[in-house]
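Sharing a structure with you now.
Naming follows writing order (A, B, C and D), and every chain is counted from residue 1.
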Amino acid sequence: MDLGFNETEEMVRASAQEFLEREAGPELARSGDADAFWSKVAEMGWPGLAVSERYGGADMGLVALGVLIEQWGANLGRGPLFEFSVLVSPLLEAAADERLKKEILPRLADGSSSAAIAILEQSASWRPEDIRATAVKTDNGWAITGTKHFVSYGDEASQILVAARTGDRPSDVSIFVVNREANGISSETVNHASGTPTTVLTFNETTVDVFRIVGSENEGWPFVEALMQKGAAFRAIQLAGLGRHVLDITAAYVKERKQFGVPIGSFQAVQHHLADMAVSVRRVEQLARQAVWSVAESSPDAAKQVSRAKLAASELIPQVCWTAHQCHGAIGFTQEHDLHLYTRHALSWAVEFGDTAAHTDRLADALEL
Amino acid sequence: MDLGFNETEEMVRASAQEFLEREAGPELARSGDADAFWSKVAEMGWPGLAVSERYGGADMGLVALGVLIEQWGANLGRGPLFEFSVLVSPLLEAAADERLKKEILPRLADGSSSAAIAILEQSASWRPEDIRATAVKTDNGWAITGTKHFVSYGDEASQILVAARTGDRPSDVSIFVVNREANGISSETVNHASGTPTTVLTFNETTVDVFRIVGSENEGWPFVEALMQKGAAFRAIQLAGLGRHVLDITAAYVKERKQFGVPIGSFQAVQHHLADMAVSVRRVEQLARQAVWSVAESSPDAAKQVSRAKLAASELIPQVCWTAHQCHGAIGFTQEHDLHLYTRHALSWAVEFGDTAAHTDRLADALEL
Amino acid sequence: MRFEFTTEDEQFRSELRTFLAEQLPDGWTGPVDESSKDGWALNQRMRKALAARGWLVMHWPEQYGGQDASSLRNIIFAEEMAYHRAPGNDRFGTRMIGPVLMFYGTDEQKSKYLPDIAAGGIQWCQGYSEPDAGSDLASLKTRAVRDGDKFIINGAKIWTSLAHRADMMFMLVRTDPDAPKHRGISMLLVDMKTPGVEVRPIYNMAGSHSFNQVTFDDVAVPAENLVGDLNNGWRVGMSVLNYERSGIDYVAWGQRAWDELAQFCRDETGPNGLPLSADPSIRRKMAELDVEIEGARLLAYEVAWSQQQGEAPADVASMSKLSGTLANKSVLDYGLQLLGMYGVLESGSPHAKLQGRFFKMRMFYTSGEILAGTTEIQKNLIAWRGLELPRV
Amino acid sequence: MRFEFTTEDEQFRSELRTFLAEQLPDGWTGPVDESSKDGWALNQRMRKALAARGWLVMHWPEQYGGQDASSLRNIIFAEEMAYHRAPGNDRFGTRMIGPVLMFYGTDEQKSKYLPDIAAGGIQWCQGYSEPDAGSDLASLKTRAVRDGDKFIINGAKIWTSLAHRADMMFMLVRTDPDAPKHRGISMLLVDMKTPGVEVRPIYNMAGSHSFNQVTFDDVAVPAENLVGDLNNGWRVGMSVLNYERSGIDYVAWGQRAWDELAQFCRDETGPNGLPLSADPSIRRKMAELDVEIEGARLLAYEVAWSQQQGEAPADVASMSKLSGTLANKSVLDYGLQLLGMYGVLESGSPHAKLQGRFFKMRMFYTSGEILAGTTEIQKNLIAWRGLELPRV
């Protein structure tokens, strides 16, 4: 048991904190234009942090990536870092055709292009039977038809990971890496509370080369499962980082802000609000780090730990944000103040990669209920 | 809309409060021996408060009875007042054979004998299919066989209201009034957290005269439903009274008790605990009074209002007690202190006449979910 | 004890519902965005229509054009208006400054302002909060100095709802800086077009413009615009806040959101092919929320009923505000949870469910626990006034 | 970062489990009732058996007969003992006064008491709380006056666990009534058989006798029983409380209750004929409780891990105690809800489910949020020490 960071982890944490506090944060979240920021992120080598060296990455492993994503959450980092480094790259490394890997991984790892995932459909459900998009065999490969919702960075990405039905059994799903420039892709923008560029992508007989299938035909669902689990664990750690930051700015505010002649942080009701926030944040930090570690180590308890972390983070961190609003009073209710940016991200992350109902059910299963 | 008490209601409230504060309360709850107390209750005419004049009652109606039961709850009144006046008497008046009414109602109304209800079985469920005890026709009447759980005052009562199966359809249930002296009744005492004398009664071919069936054969279930609803509404108001009393003693304690040189009631955390208690108590009072009124008036909303009141009371009043313990500190944790007597009653009443799961389901039905 | 409204009250409720169905645009779901031109126009139109029906100031005495409507009649009005998310219920004029003028105003003030308010012809705003004051309202610093037949005002007010739409402001100013803080305050009425008054918008985190910061730079106000006695403004001003603290609006908003969510649960299918409303955990939570709303509603009714008895139990008003805001918030929180990923699509998005309203409302109603006395302040008041716990 | 114990630690856990399975009576469900003769005998037997295995004081340095076991090894020990509701983990001797004597004790005190504690041969109790002190421990009034080579003690202690079983008490007494309240306190060791010591039982609301009031009437104690310097007792005494605040016991008790409840849900059939564990609302609540327990467990582990790093973050200890007690309480509350009418049958009743244990435990663990620093005090400490918020 070691709840501290090792040397690598501490190095990643320190450099991420230093860089992101300077370059990211509310201002970046508001600007909408993240290109310059993304170039710097690429220079830091972060997209490839956990990618093998042979594909141009730093091969530092998922735990170090978790440390990075925690800081990314604390500072509202922008751009498809999560999508590629957490979700797409481990899957491609594990199961993609070597030709595909060589073609796209190095450019994704150095940040010169980016990836998105297109799995969920209108049902927003992570169950195989709800994948309705189809991929049909053609002479040269596959043709994909269907509509995918909630695609973050779907217009910015150059590669899209798509789950499509290739057989009649519920689990007959395959995974494809589709070039965003391919034929038949249309997109529709939705306004997401977090401000993350989000699209609905429609594929109309979009042609995919045969080597762009990941793993075997009809065998893609376990990859989606693994991806969902990673997504949940890393969203949890991202929420932990965000919660810590919100706690920090709130503690600073109540020490400064005076009412009735004293700092409001000297009122016991405010102190207890802050104490509740502190306990929640610490709990989520530990649960989320444990979940990331379990996933990285392929622990037999990973399913349990991930659902626990995601449930705790999704419940407690939005609550931390609301309590922060209560402590900030009217000023925190304005658009001008930064607080709501964190709240918006917390609410958004809380429902991604399995909402409370989904993880409750998974956890109850894992606990043999 | 009138949230105040009319003259009769205020008279009942004032006399009940005056009498019960003097005669009941923790000391009575501890003594176990309630005979002398019960004689005085009978002198007050309370068992017959809502019984028609022709059967020796005061005919003051169910709302006045609710006012009395609220005070009964506040002061931990002891003895089978609830069982007869809330549960048995309205049912008998509505549906029993005139001979039976004349024989037993006056003696019950003047408190010289008492009644109990024996409906629930091992399942503790209020669903007709869970009534397994049977009543079989004999030459002179019926023979009842089966075991009834959670019978309050089952040994003290002279008349027992029993629900038994008389047909094969789930709802083929009939109600009988069994003389406690009849053949074949054995009893086993269980220790109830509230200290209420409670037994498991077993009937072994117990003979019941034909006129002791209430209503028609196989038509008893609606009576049980009505009884359960009344029980729930009146338990809610009883809990309201108890909650108000616990709030009062806790407020008095925190004004007296000093720590760090000041009354602990001057700490904001304690003040907010008390404020939360006060809001809970007020909410339950209003919901419970509304429920009792709805039942008394046979309002079409009665089912909703009763379940709301019972749910609120069962959740909030035990919580009020636990918060009271927190405010009392170690002294409230002792057997010697009275507080736990209220907590024990609150926990007990919370699960009677439909627990949270049962009323949630009923309310959701009534709300067309 | 009687837990139903009179036949006349119920009839009024039903007339009001019919009126709202007729007056509100087809398929109206609200809430109104008063910063938009259309939204403000609807507000104006509704206000006039209410005035025409005699409902806008029905709670006023007959001598001022009202109907002496009871507090209970009144709360039915507020409840239905909020439930229908109907604009036009002008609280600043009809609920706040109007009654204050009746009690404290001069004859000139009454005849000058009350008829206009009753006719729905004037918009008021409330100038109490200041940038550095927060919950400590009495620490306000905006100064008014007597200069001949005028007061000269300098300072700033903040969180001023509708200041950008208002014709007049009733405001608290400091007229004696040397007196103890509650004793040097006066109330003035200020025409918003007076030179030196500047209104700057503050957008809230739900994205709408409902607040403003209003600055006063040597603003000259006629001395006859003083309401009540000089330096007695704290008492005059606080008589307004009792209204603000009633929780019925929040209860009705919460009830409406609950109804929308219940319909959503009946209409949407869960993973098992059954409606969401068949899921025991959803049924349970929806039932809990219903109980919370009903409890808060009864507290709001109790406030009205007490007023009708000539009592004003300050602790019940606090309980009502606190319970109402919490009930409303609980419903919205659960709505977001049920909507899942759709809950964080903003209104106006294609594919947003329930028009993205739940997210917007959740962000907006965050203010419920902050404005007009935070939840913490309400709890203090309950402890101090209701339970008489010691203030140290 | 590494979220698993070492192989050696896991091996220790498994040896301990085997030991407990062997030593505890067949079908043992606990908790022990130490006021009963059998319960106390089991406690004594378990303590000696633990001593024989070297586990009773394994956290002590080797020079005092310990194994220098790490804090993490130690927390495994505490967790398993609590989970199995096993008696014999003598916290007053091995966790409190033992370590205090190693740090502050004289050589005579060490050689007199430590071997006995290590062998499980002596029962200690803790004399801190007083009738009028409550959370304000430092306001204690029990006086000790130097008289030749003795201290003469007069006063009363309360909430003294196991005083009726104890051989010795370590207590805080006021030795300088004129000094500021934290500066006039000393620690003394008192033989419970000294004339003038009287122990009166206090029954708790769960019905058991675990507390006592202990009065001191001219009790003469040898001066060499002073621990640490005269009037330095506050510091000496407080070094004990850090142990008390760890939440692992509550976490383990909560986990055990959760496991029992889960099994109950698998075994019992609901109204629809399916096991209770198939009901989505029950699954949901059980999953929530599991998350609460796991979160509290990690905080308890963090306290141990920090100690191992030579750090003692007081705020995490408070978080751990607070989270542990709440998690345990949440499980018991839900247990009572699930058990319904059976939940309020007392242990010993025929027909009681789970032997009526949940009711008894819920009543007993009410003390968790009160003793050894109330939940409110823990929150204050988190705010003051962890977040450095101002104390006014």
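Going forward, a contact is a pair of C-beta atoms (placed from the backbone, for glycine too) under 8 Å apart; a residue touches a chain by one contact, two chains touch by 3 or more.
Note that the structure is predicted; figures quoted are calculated from it, not measured.
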*asked:* Taking each chain's centre as the mean of its C-alpha atoms, which one ends up farthest from the centre of chain A?
replied: B
_Per the definition at the top, count C-beta pairs in contact and tell me whether B-C or A-C has more._
B-C
*Express in whole angstrom the distance between the two chain centres, defined as the mean CA positions of chain B and chain D.*
40
_Between chain A and chain B, centroid-to-centroid distance (C-alpha), Å_ = 54
*Mind pulling the residue numbers of chain D that touch at least two other chains?*
280-281, 283-284, 376, 379
*Which residues of chain A are in contact with two or more other chains?*
267-270, 272, 357
*Write out the stretch or stretches of chain C touching chain D in their complex.*
279-281, 283-284
*Where on chain B is chain C touching in the complex?*
1-6, 9, 63, 247, 251, 254-255, 262-263, 265-266, 268, 270-272, 274-276, 278-279, 282-284, 286-287, 289-290, 293-294, 299, 305, 307-308, 311-312, 357, 359-361, 363-364, 367-369
*asked:* Which residues of chain C touch chain A once you look at their complex with the stated criterion?
replied: 129, 133-136, 139, 158-159, 202-205, 207, 211, 271, 281, 336-337, 340-346, 348-352, 356, 359, 362-363, 366-367, 369-371, 374-376, 379
*Mind pulling up the chain B residues that touch chain A in the complex?*
267-269, 272
*In the complex of these two chains, what residues of chain B are touching chain D?*
120, 122, 124-125, 127, 149-150, 188, 190-194, 200, 257, 259-260, 264, 267, 269-270, 322, 325-326, 329-330, 332-337, 339-340, 343-344, 347-348, 351-352, 355-357
